[in-house]
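For clarity, chains are labelled A, B and C in written order, and residue numbers in each chain start from 1.
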Amino acid sequence: MADALLRLEGVHTHIGHYHILQGVDLAVPAGELTMLLGRNGAGKTTTLRTILGLWRASSGSVRFDGRDVARLDTPAIASLGIAYVPEAMGIFAGLTVRENLLLAARNGPLREERLEWIFRFFPPMKKFWELPAGNLSGGQKQMLAISRAVAEPRKLILIDEPTKGLAPAIINNLIEAFAELKKTGTTLLMVEQNFHAARSLGDSVAVMEAGRIVHAGRMADLAADEALQTRLLGLSLEAHQ
Amino acid sequence: MSRIDWKPLLLALVVLLGALLLVQNPSTWLTLTIAGLAMGLLIFLMASGLTLVFGLMDVMNFAHGLFITTGAYVAASVMRRLAGPAEAESLLANLGAVVPAVLAAMAVAGLLGFFFERVIVRPVYGQHLKQILITTGGMIVAEQLIVAFWGPEQMALERPRALRGAFIVGEMALEKYRLAAVVVGLAVFAAMLVLLNRTRIGLLIRAGVENREMVEAMGYRIRRLFVAVFVAGSALAGLGGALWGMYERNFTVQVGAHMMVLIFIVIIIGGLGSVGGCFAASLLVGLVANYVGYLSPKIALGSNILLMVLVLLWRPQGLYPVGRQ
Amino acid sequence: MIETILSGDRPRSRVLAGLLLALLAALALAPLVFPGTRPLDVAAKVCVFVLLAASYDLLLGYTGIVSFAHTMFFGIGGYGVAIALSRMEPGWGAIALGTAAAVAVALALSFVIGLFSLRVKAIFFAMITLAVASFFAILASQLSGFTGGEDGLTFKVPEILRARRVAYYFVFSVSLVLFLALLRIVNSPFGRVLLSIRENEFRSEALGYRTVIYRTLANCLGAVVAALAGVLYALWLRYTGPNTTLDFAIMIDILLMVVIGGMGTMYGAAIGAAIFVVAQTYLQEAMQSLSGALKGMPLLPELFHPDRWLLWLGILFVLSVYYFPRGIVGQLRARTP
């Protein structure tokens, strides 16, 4: 198994009086796609936000590429090469598609190859290039959010429930794009509820429950073990398509 | 700015035409309209900084009127020193007095803004209650300091010689200063539009107003930008104050505070965080104040508050709300 | 028995208890101890403003709402009774009618404003109250036929109240009773819910308290008490005008009183109001001499000019918000374990 690009050890996060993350230990191997699964309220989104520094970990360490980033502020962490696609997508509705992508390309102009990649997998981006992003449909907004994450080479991309509320055709489109993305060597940490997507894309898997990781291993192993699936997730991967 | 929402502009048209019907005399109407536009544009100068600061960083500076007052006082002091060039016949010579006065006003207001952001506002980011209290307190203290320094009497600020009086066109008297104010106001607005829509900084500001967290998650230190916007907003307010002082020709230390009520109305009508909305709302408020001031002076001051209530009933988020996720 | 009167809200600090007792004694014995009309004027003003500040503390300190419309309700009370007494026979019937009308208007207005507060953020709300208060002030000065305009209304009061001492004790006792009533309210289950809403709005909603209703109720209560304070003040001065009730300076004064005294304590409002009114009257003289002594120096005489007393109180206010968020009362309580 590859080395861990991202490693969380004993991470606790408090939000107000609520103790959401209660000692998270997570290793995200480099160059792979790690799926973060779990029921609603388990703390998956909080984990992503803590990694990015949007919420401060009250204790524990978050090591990215060997560095402890738990005490850094969000812009600093992002600058180390981490992109974030939140559940609400976070696109700027008043800006055009072009402007959204322009903003995402921090370190210089948008490179041709990148743009070609984006247009190939997400044709609506070309169609709506000069129009306000607020005009896009839900699926197209998601495409834009992902396009932004890949506008420049990143070491790690954090993605929160990309397929939520989308039509099956679009979901398949996204799965193709992610599969392609994996080939570029980018590390991905994805939270997903759609198990078809999870199983087809995930290399590693971690399952969260009540603020802790209760299982970590290879996706292939979990996919083959129905009993384990039912125990961890309350239903089998097969049943939840 | 691809697709513009036309409905609020229709509202402006209704106001303009309605006023024409009520005033009846076209030349009076034109005079009032120009006065309204001039006043509106000056209010825009004063309000734009505040709405951006709020949209960007969720900070409401109740002491914003301070920058207006400071601008007016500084401009008055400088103009007094430069009475020579100010009283000269040629416009060019006059500019030798007005430009330094206005630049000084902007500089001092901007500096004050920098100090304010660092010392008063920064410690209370995110705590709205404390923000309201502290900025109100800061305003009280600063107002008192201004009076201690300049004295409690009314200050006079005369317009430069070349801009006094009016152009007579047929029946109409078009005040020169008001026309100049319109020109300056539009120029600043145009510059702001260019900055916001054609530069990277403008892009960051527009994105930040929508979703500050996401901009930070994309690696941008938007807090630094905030200081710059705060200072720029203060400087603009200082400019507005200086020009407003010349518009009214005299003022007291309360000038900023009095404008604040109108400014709040403007940014609420326009939509918090929206520069375009602020522009439209400022013009509306300026026009309404002048039309009603002519038609029914008693309710003039209250008419804008009524306008605000009406607009909020139609669009609770303001005319051009910033698209928040 | 003291516990019952104070509704269980003990001062919790020897110094504070001492101060409060001294204040109570001074106010109760004012006509007997202090000769001359000015001290009695100051004492009456203290009584009224203690009540007014306490009603504001209900909003600011206990519910966490910043409103700039409080003086509007103060004015409504004053004008209500003033209009009634100028138009009708100056008797208790007129007072009752004027007060009832004022309370009704205050209740209605605060209810509407309270409903509005649920939809908008605190900052939005503060701005709107500022606009509404300005509008009201404009109305009051423009509708001169009704309100006496800029000059206000002078009127006669019932026979009994024409004797200064009697009038004073009337104002004193009503203020005291209403203040104790406020103490009872904030120490009741209702008051506790208010505090919990202020601390953590989400949690309170989750626990099933409709925060909207509570905040609106608090708004209304505060407004009604403010109106009653306005009635008292009008009866004492035998005059109501925009400058005694609706001036924004008065709004600022109340804000300072509550914050410097200590938000969310009630006693803070009392202490703050007392300090403020006394300082307003007597500190200015001290500053006058100081300013005279500093003559010839640059700027300093202006800084200590008696008209600049608000500068120093403003600085105290800003410092309080930063360093003494619990105000004087909080500081005193912190020292006594």
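One rule holds in what follows: contacts are C-beta pairs under 8 Å (C-beta built on N, C-alpha and C of every residue); 3 or more make two chains touch, one makes a residue touch a chain.
Keep in mind the model is a prediction, meaning the values are calculated, not measured.
Comparing chain C-alpha centroids with the centroid of the full set of protein C-alpha atoms picks out B as the closest.
Greatest centre-to-centre distance from chain B is found for A, with centres as Cα means. Measuring from the averaged C-alpha position of chain A to that of chain C gives a distance of 54 Å. Chain geometry summary: the mean Cα position of chain B and that of chain C are 33 Å apart.
If each chain is reduced to the centroid of its CA atoms, chain A and chain B end up 44 Å from each other. Contact of a single residue of chain A with at least two other chains is seen at no position. Across the interface of their complex, chain C is touched by residues 54, 60, 62, 120, 123, 128-134, 136-138, 140-141, 144-145, 147-149, 152, 257, 260-261, 264-265, 268, 272, 298-299, 301-302, 305, 308, 316 of chain B.
The touching residues of chain A, counted against chain B in their complex, run 52, 54, 73-75, 78-79, 83-84, 86, 88-96, 99, 102-104, 106, 130-132, 134, 148. Contact residues of chain C toward chain B in the complex are 64, 66, 119, 121-124, 126-128, 130-132, 134-135, 138-139, 142, 248, 252, 255-256, 259, 299, 302-303, 305, 307-308, 310-311, 313-315, 317-318, 321-322, 325. Put simply, chain B touches chain A in their complex at residues 2-3, 200, 203-204, 206-207, 210-211, 213-222, 322-323, 325.
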